[in-house]
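Naming follows writing order (A, B, C and D), and every chain is counted from residue 1.
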Amino acid sequence: MVSTNDGAAQLDRLVARFQAVASPLRQHLAELHGELARADAGSVAGYIPELARARPEWFGISVVTLDGQACDVGDAQVPFTIQSISKPLVYGMALDHLGLDEVLRRVGVEPSGDPFNAVLVDERSCRPHNPMVNAGAIATSDLIPGAGATERLHVLLETFRRYTGREVSIDGAVFTSERETGHRNRAIAHLMRNFGMLSPRLEESLDLYFQQCSVLVTTRDLAAIAATLANGGVNPLTGERAIAAAHVRHVLSVMYSCGMYDSAGEWAFEVGLPAKSGVAGGIMAVVPGQGGIGVFSPPLDRSGNSVRGVATCRALVQRYDLHLLSGTARSSALRDAARRG
Amino acid sequence: MVSTNDGAAQLDRLVARFQAVASPLRQHLAELHGELARADAGSVAGYIPELARARPEWFGISVVTLDGQACDVGDAQVPFTIQSISKPLVYGMALDHLGLDEVLRRVGVEPSGDPFNAVLVDERSCRPHNPMVNAGAIATSDLIPGAGATERLHVLLETFRRYTGREVSIDGAVFTSERETGHRNRAIAHLMRNFGMLSPRLEESLDLYFQQCSVLVTTRDLAAIAATLANGGVNPLTGERAIAAAHVRHVLSVMYSCGMYDSAGEWAFEVGLPAKSGVAGGIMAVVPGQGGIGVFSPPLDRSGNSVRGVATCRALVQRYDLHLLSGTARSSALRDAARRG
Amino acid sequence: MVSTNDGAAQLDRLVARFQAVASPLRQHLAELHGELARADAGSVAGYIPELARARPEWFGISVVTLDGQACDVGDAQVPFTIQSISKPLVYGMALDHLGLDEVLRRVGVEPSGDPFNAVLVDERSCRPHNPMVNAGAIATSDLIPGAGATERLHVLLETFRRYTGREVSIDGAVFTSERETGHRNRAIAHLMRNFGMLSPRLEESLDLYFQQCSVLVTTRDLAAIAATLANGGVNPLTGERAIAAAHVRHVLSVMYSCGMYDSAGEWAFEVGLPAKSGVAGGIMAVVPGQGGIGVFSPPLDRSGNSVRGVATCRALVQRYDLHLLSGTARSSALRDAARRG
Amino acid sequence: MVSTNDGAAQLDRLVARFQAVASPLRQHLAELHGELARADAGSVAGYIPELARARPEWFGISVVTLDGQACDVGDAQVPFTIQSISKPLVYGMALDHLGLDEVLRRVGVEPSGDPFNAVLVDERSCRPHNPMVNAGAIATSDLIPGAGATERLHVLLETFRRYTGREVSIDGAVFTSERETGHRNRAIAHLMRNFGMLSPRLEESLDLYFQQCSVLVTTRDLAAIAATLANGGVNPLTGERAIAAAHVRHVLSVMYSCGMYDSAGEWAFEVGLPAKSGVAGGIMAVVPGQGGIGVFSPPLDRSGNSVRGVATCRALVQRYDLHLLSGTARSSALRDAARRG
């Protein structure tokens, strides 16, 4: 008779064996991880104690390809809060729920040229600039359907589950902290309420926004989310659809032009992949038609993006020629690299 | 013996026959042209008399594919001034001449969030925001190499020739008018001079900028330029290289994020192709790996983009699924459509 | 023996007789009133139903001089809400309570160049720009001392009483309406809370702010308040001190540079008196060393100032040479004019 | 018979004797000078070599009262360039020449909220914001009448002569330097030309502007100019009129609200006198009805105002209660203090 512990141990061994398989991609990721782990630039976000406690040396990378291969190196199992990386997912939920036209009436798609947390909306079009700045993300959260706080949260978590392929949970301490100190987001919400951009259930939607930011994920989760978007909306690990195919390009478009805070232009220029970063140190990048990349490392640069996360994406794009506008990119570069030699 | 005239006539006939071939693309373009020709929104640019004289009903469309097919409908032979569509070409010249690092030191790659002709630079980075706004374009023109005005103009026109596949000329009346009324661009130049962003040969570089904007082109030329960029820098009609392969993606990146004036975000969202428009009514759009689109129709929308030009690109993208971030796009859609049935 | 009622009636008669006396000022005010009553420019504030109900033809003017003369014409007894004219009074309360240095640490004195209700603070100095914009006024209300909402409101009303010389009350319907629709002010408060510019009793202070704006006054009250400030802080009708002498010039200074919304510069240039206007149609203007002017007429110009109110002040300044920077002004012009012939 | 030289010498002796008289004001100025001379905050303007050569210890103070008394301490005879202090004088010239309405059509009177040298105009009203920012000052210089550069310069210098009571000259080296490095002002001029705010004689007017900034003055000159404005436009030392009485209050108004660069609001709040500072270290302050103050000390604070100049004015205002909005100010404080004991 095999005890549960034995079963877990057995599974661990199986996983270890799989992990041991030396695909060229895994080999390259390991080298890259070793090289970038030595860098110590950037500083961990400290606006709430829960984030400030993150260890600056944490560093994980995961890649999931469309043919279902997965590859993790480093701290790929350390959970962290998804923060702003939740924004494209909730934008997709709004598109699926209300359709493109209705969502466009409520949230724009123009880069704002202002900080992501600016207490500012596009008064000309009477919309927040785009769903990647806080104003737009709060407006998008306000669109999550449901009869009350609990039902709406359930809808949210269920969608996240389809993207990650597993049940996700909320870090209660982070949520409470964000809620208590979120004066700026509260200011944004009231400003939007002033313009009629937000429903009267402002407090509930703000809570939902703080909750979506507090969902716990790993780099593997981020890579799965990214791969789902790279795969037309179907999670390549589970085969489950997370977002309608027709809406994937809308989500990717706003990620491409507005996903990386202040340095969106530089990112589009140098990396050239739809991506989104979060203040806890996560970055996910989508390689359309090929796969998804998830990186986690808490120290942030001045724009608020993970220093090692940006460096990792940059290196992978260069190595495998993944820039969306590179004329010489092959559409199977990532998949081929992920296959064992 | 066949006289030259006879030869030309013979060639005309050959071309006519080729043009008559009813490829699905040509058929579709003709229908599209007929449909959009009826629209009468927008207004012709009127800041100089030369542009104000343009006829609002002018409307031409050209497509050039990477396998060398060309397809024109409507007023594809009416010459007009290239205006801002010259900006990506001159940016590419600067990259070829000085290399990426040096050019990045002088011109940024971030969308500015301000009008294209704003008398404004990024004082933090001490650069114009990007090469698609006037400030950045003037700074880029300043980088055109050569010993004096004439030599530098020659270098410019020679590059344009490689893109279009034919000698191009300058509309002298437009140039003179732009130069005389270009107070705003002169203000921009002096502001940049103030920050040391411009060399002391300010007047000469301004003249060069006014000249590059006054180059006469047709929609066929725009389609050829776009196809050259779609083809990694080699003109698919002549086989001549116009820009180093390594720099093509940089040019396309800034076109993608900053090419369509105020509506760059909306364009990236809905059309999803690197593109550039000019105030005379031209638009060129690049379909990477597939081909180039050139449209001309003088009436402009509020953002300064040709109304029919935008509608044409939007329709083609939808019909052939050309959006860069569309998961279902086939890389041969345009080529196949351009082939005779 | 004379009953109280008889006494009141007797007093009324005395007052009426006094009012009947044809001083040159009264004569001039009556002419001015007749002339300006015919103007019908501007539109009544309509953001809450209570203000929208104001009759556009309401028009009253009052002048109170430092030697205690009072002169009313038109609708001088119609009560209206004081709105932003409460701001200088509450600023004075803060100065009296905390002293200049402490107040300067919390609220600046620079014109903002932005709309009065901008959701914006001076992040460089970590203060609202000045106490005449909403942000600064809310920060000032937050400084009203007291153990709770009721006590603080009592302190507020008691100060207002000393300025007007009579008990004032709050228009409950306006207060409730302002509170319910005050999303923008709520946004401002949360933004300030984010920067630590506001105490945790944010909701209470916002209520206090909405209450101070809803205090009911007449033009006579406004003239008395203005005359109190013109008189070094002592109400010339009652002899009671409303604000410390040392703080009067600080209140007048911010009124001078920031009191008339967008048109503060034009006002200082053309009228040259410390003044404050409110959205209900009131304006008070201080003639230092001479007296106070109160006007009420609901239709507002584009800057939000009463059209007839501005015209009245402009005419009086011109007639009696009251501009603060006029070299030829006599310090007794208003008093002399108010005396019977 | 007495030769002219003898006469001049005699006058010098008389003046010297007068200066020696120990009035309370002179006594106070000497103490103040001694005290503030020890301060060493601020830094000398260095954008052109001519200004950078100024000695940081230079420090002079002059006061001229309306009854013709003059009082100098410290480096009151060191000449320096007037720089921006020329702006109110030229504004007054425009008013005298074209009348208020015409000038208001061309230059506004609103504080801009932007740096004095911003390449920016008020596009809504199609005017520079006010005559104290560079844009407004250049527009005002453009209004100086005359048939050509020489005649217009003559008109300018003649007006300056009436204000100072002596012939003034231009520092040629400073003028040449300003002209060569004035790229920002050139940008401003071209921007205004773009909006039709400047006549075609742009280069000539810019030269005139650079010349007016390069006029050499002493603190005595500044005090005389200020006293002229304090005296309704008549120089109290010479009895000559420099500006029409009706226009004095317009000049003083823009000085009051826009005269001290970024810190105009703070200045109006704390000092409360119409004033103007220049980048060479000069400040002039007007005490309406009483006299004029001139200070010179090159080290500037972050706003661009002379550190010792600001401190001097602040101390004099406090000592003699000169704040314009101080209820207790006596209109003869300065004159009385200037009289011998």
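Quick note on the criterion: contacts are C-beta pairs under 8 Å (C-beta built on N, C-alpha and C of every residue); 3 or more make two chains touch, one makes a residue touch a chain.
Note that this is a predicted model, so its numbers are computed, not measured.
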What are the chains that chain A and chain B both touch?
none
Specify the chain most distant from chain A by Cα centroid.
D
Rounded to the nearest Å, the gap between Cα centres of chain B and chain C is 59
For chain C paired with chain D, centre-to-centre distance based on mean C-alpha positions, whole Å
35
With centres defined as the mean C-alpha position, give me the chain B-chain D separation in Å.
52
Going through chain D residue by residue, note those that touch at least 2 other chains and give them in order.
none
Let me know each pair of chains that touch one another.
A-B, A-C, B-D, C-D
In the complex, chain C touches chain A at residues 119-120, 183-184, 186-191, 193-194
Along chain A, where are the residues that touch chain B in the complex?
108-114, 130, 230-233, 245, 248-250, 252-254, 256-258, 263-266, 268-269, 272, 274, 288-289, 323-328, 331
